[in-house]
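Here subunit A shows up in two complexes: once beside subunit B, once beside subunit C.
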Partner chain A sequence: MIRSLLSGDMPRSLPLALILGCILICLALAPFLFPGVRTVDTAARICIFIVLVASYDLLLGYGGIVSFAHTMFFGIGAYGVALTSAHMGRGFDAIAIGALVGAGFAAALALLIGLFSLRVRAIFFAMITLAVASAVAVLVSQLSGLTGGEDGLTFKTPRELGPAFKFGKETFDGVLFGVKLNGKLLAYYFVFIGALVLFLTLLRVVNSPFGRVLQAIRENDFRAESIGYRVVYYRVAATCLSASVAALAGSLYAVWLRYVGPDTVLSMELMIDILLMVVIGGMGTLYGAMIGATLFVLAQNYLQNLMGAASELVADLPLLPELLSADRWLLWLGVLFILSVYFFPAGVVGRLRGKR
Partner chain B sequence: MSAAPEHAPTMAQATLADRVGPYMPVLLVPLLALAGFLAIMNPASWLTLTVSGLAMGMMIFIMASGLTLVFGLMDVINFGHGAFVSVGAFVGITVLMALGQMTAAPSLLLNLGAVLLAVIGAILATGAMGWAFEKVIVAPVYGHHLKQILVTMGGLIVVEQLIIVLWGPEEIYFNRPEALKGAVTFAGAAIEKYRLVAVVVGLAVFAAMRWVLRRTKIGLIVRAGVENGEMVEALGYRLKLVFVGVFIAGSALAGLGGVMWALYQEVITAHMGNHAMILIFIVVIIGGLGSVEGCFIGALLVGLLQNYIAFIEPKAALISNIALMVAILMWRPMGMIPVVKAK
Partner chain C sequence: MAQSFALWAMVSGKPNWPLPVQCLPYPPLFSDGPAVTQVTGCGQSHFEISMTDPILKTTDLTVRFGGHVAVDAVSCAFHAGELTAIVGPNGAGKTTYFNLISGQIPASAGRVNLRGRDITRASVSARTKAGIGRAFQLTNLFPGLSVLENLRLVVQAKLGRGFNLWSMVSRHQDLTDQAEDILARVRLLDQRDQVVSELSHGNQRKLEVALLIAQDPDVYMFDEPTAGMSVDEAPVVLDLIAELKEQKDRSILLVEHKMDVIRSLADRIIVLHNGALAADGAPAEVMASDVVQEAYMGRGLEGILADV
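So, the complex of A and B:
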């Protein structure tokens, strides 16, 4: 049962299995284990980023293609839901249509970019996605009539997903294990189950013959082509698939935040975060995405405070407080990123599975 | 014994398309200028826009040329190239601001001296940085594109953050030296002096680069290395050393481009290199990775098109470069002047 759910891709290492199980249980029971607005928000962000990072890993880890447009696809999904919800009114139909249109649009755009760049050489893809993504980001902030510009869009999700909606009054008196049964709880589980389904789907994809061919292309594209696989076709298909899953993750994010803006879903910083999560967790395995995203989001939320404290400790020394201030955390991430690509290319999962 | 088949060679004249084909990339620039003229229909504004487009193209070329050579020679793709642009701009402008008296004086000689010192400072700083970047960041990941992209991107982030640590997160505004302010009027069109200077400097850099690549021994080795590196090494040249030299030169050129870009914009931010990178990539791709001439033509096309479109339809200017790239890749998938690799 578990084996077929995981598509035969078992963790293959006891510590890894324990960590993954722990993450899964914590996320599944987050509202009950860690009640509190901020912690539940963190848990939801982790769920969404696991899917986003896993979809990026399909491209980077399995396909061996670097894309800088992944946040663009994420943003397309988020804006899709935001726009339909804002124009069609609150409702699950608006969310569904927005998510589907977003995913379809993302896939179509990925197909276009892929056809242009991947048919020549994979390296073009990285540069062209960077150019297109930045153009789209600027475009979104300029078309303020449609997208709300820099301010972004605030919209309403269905009443059932908002904190004002209460349920379970008759049976549990509206409270279960000390947690109020309201729409926010439902929204969390909406995000959690959506993320779980998407993650398992991705796991199915990478362990299918399709995923195997992608790995073969990553290892030696010339040889894969000689054996008779059409490299461009597989690479473009992986791009489209990963783009549409990223868009769906964006839709979940929009539903959770009830807000989209260029800084939250389209920024270059987000793209760098995703890269870091993939590399830290381990490229070429979706469990790496799970661990990387969890570690990173936790660090992002709690490490910055630590850096602020450290910066105050050395306030009298020259330059050090500047280097350690919480705003400079991207600097240390960059250093960490370079070091992990050099010394730690298989990431946490690779280490735990005991291969280099 | 049958007779030999009748021998009738035909000497068909090559069609016009065949004859023009090889020169087409070069012809694109005047064609684009002509198209711009027809679309604008106002000689004065057209001249202003053309000069500013050429100036912009020259600056992009200076920044991009190093990147394309580095790729051609060693198959190294440097996503951190933008960092040199930022560092060059910050060092150059810091020098320029320290020489406030020289830049504020109305004397042409003093002004140019200050700019020259700023440029030298920037070139030295980015050249040294290029050397360190090559040693620390790029050298361990030769022959591995995926890691190169990731690691150099990481390098870009670190350098950008270090700039913020050293110079602060705010944008820095400054004034151009007196002699470079203002405009000259020619045939009813106002042309900023600085843009003319940029065009002249860009042409000089291109000419010098072509001279080095075509007329000197080192240029010969570089061109041969681009075409077939293994063969050059087999002949006894230490290509690795040549490559480090090219990397340093390319970084220094990016620094020079950074100073010029900063003087053009009159504002510097830590992210300016990152923004410039996008134009640089477009130029390098449409020119053909590894080709200096292609890079030059590509840069001029991007500069001209951006200025024309910004005048005709400001909102479309953003997409115009992407559209140009798509059009050129449809026409020539490897770029306008693809580099032929003997492999």
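So, the complex of A and C:
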């Protein structure tokens, strides 16, 4: 059962299995284990970023294709849901249509970019994605009538996913294990289950014959062509698939935030974050996406607090409080990345699975 | 000069085959020779003699890189059950000729026909599907994947299952079984789960041959299959090639420098020189031929081949 859910891709390392199990349980029970607006928000972001990073890993880690347009696809999905929700009114139908249209549009755009550039060499794809992504980001901020420009769009999700919606009053008195049963809880599980399904789907794809061909292309595209695989078709298919999953992750993000804006879903900074998460976790293993995204989002959200606390602890010593000041958190984040790439060149998962 | 030489090759190279073949004169000797107008492609004439269609035929196959003609109007036909050794000094165009046949380099002129079908413009993967199988001079595998995975990929390509996105690989037991059969044949079953980059050079060469066997093509193309192999390892690969020869419906092309290998395996030798076909015939005749010896500046074919 577990084997077929994981598509036969077992963790193959006890520490890795424990870490992954721990992440899964923490995310599944996050609202109950870590009640609080900020903690649940962090957990939801982790879920969404796991999918986003995993879909990027399908391209980079499995297909060996470098793309800088992944946030663009993410943004297309998010804007899809935002636009349909804003124009059709709140409702699950608006979310479903927005997500499907977003995913379809992302796949079509990926197909177009892929057919134009992947025929030649994968490096052109990287350059073209960079250009298209910048163009789309500019377009979104300029078309303020449609997209709300730099301010973005705020919209309403179905009532059932909002904090005002209460349920379970009769049976549990509206509270379960000290957690209020409201729409925000439902929204979290909407995101969690959506992310879980998408992640397991990706796991299925990378462990299918198709996934093996992608690995072969990454290893040696020349020989892959020579044993009879039309490399460009596989690369384009992987790009489309990865783009539509990224768009669906974007839709989940939009549903969670009830807001989209260029800075939250389209920025180049986000693209670099994704790259870092893939590298830290370990390229070419989707479990790496899980670990990379979790570590990164946690660091982003809590490193500042942790350092503030640490700097207070050493307040009496010279220099250290300055170094550990909460304002320097980005510096330490950078140091952490350099160290992790230095010590885990194959990522955390690669390390745990015993590949150097 | 090369042109007239090629003309000679086409005219006189093939018609005598498989009868004893007279080897071609080197151009300077015969550049004022009789003007031949009725050019008969060697494949054509062979066809008349053998009464069977060639599996693979190249007609005036040419490639130019800038002003340099790397392969110069080579016309040749390759038949089922025949192992043809392609020899010639370094830079003679042997590997380039291979690249033209398997599609890595597009031809400037001429045609490649596989079982009568024109594949001159086909992509590499399309040629593979059509029945061309190519092993490479420099080991060219999927280094980060296991030995079994390397082979399974070839079997999977052959069965056209690459675009299967939803089923788990483990459900395709038949792919694994076929891959394991071939591993057993090439005596690599013990290394089944080893990552290819950690394999010894000899075993990598064996795997290179194994990939080709898994592909089961109509035309096997080996480019120095034993290059860099130890004396102990080379016979395993050569035995495999000899086994393939027993399959009478396949044609084998072999680029090779080692004379003993050619002697023991080849049914026919073609000599390339400066990109053009210089001789074509049974091994004994080609090797003994004065003309070829002269062509190689008096040192003889063996002398040349011993150098490289």
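One rule holds in what follows: the second predicted complex is superposed on the first by the 315 of 356 C-alpha atoms of A that agree within 3 Å, B and C clash if a C-alpha of one lies under 4 Å from a C-alpha of the other, contacts with A are read in each partner's own complex, and residues count from 1 in each chain.
Criterion: contacts are C-beta pairs under 8 Å (C-beta built on N, C-alpha and C of every residue); 3 or more make two chains touch, one makes a residue touch a chain.
What you see is a predicted model; the values in this text were computed from it and never measured.
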Touched partner set for A:F125, first subunit B, second subunit C, both or neither: neither
Per-residue contact with subunit A, leading partner among subunit C and subunit B: B
Touched partner set for A:F116, first subunit B, second subunit C, both or neither: first
Contacts of A:F73 with subunit B and subunit C, given as first, second, both or neither: neither
Which superposed partner A:Y287 touches (first subunit B, second subunit C, both, neither): neither
On subunit A, positions contacted by subunit B and by subunit C: none
Sites on subunit A touched by subunit B in the complex: 60, 64, 66, 116-117, 119-120, 122-124, 126-128, 130-132, 134-135, 138-139, 142, 268, 272, 275, 279, 319, 322-323, 327-328, 330-331, 333-335, 337-338, 341-342, 345
In the complex with subunit A, residue positions of subunit B that touch it: 77, 79, 137, 140-141, 145-147, 149-151, 153-155, 157-158, 161-162, 164-165, 169, 274-275, 277-278, 281-282, 284-285, 289, 315, 318-319, 321-322, 325-326, 329-330, 333-334
Sites on subunit C touched by subunit A in the complex: 102, 104, 123-126, 128-129, 134, 136, 140-145, 149, 152-154, 156-158, 161-170, 172, 175, 211, 215
Residue ranges of subunit A touching subunit C (in the complex, touch as defined): 4, 7-8, 204-205, 207-213, 215-216, 218-220, 222-231, 234, 237, 241
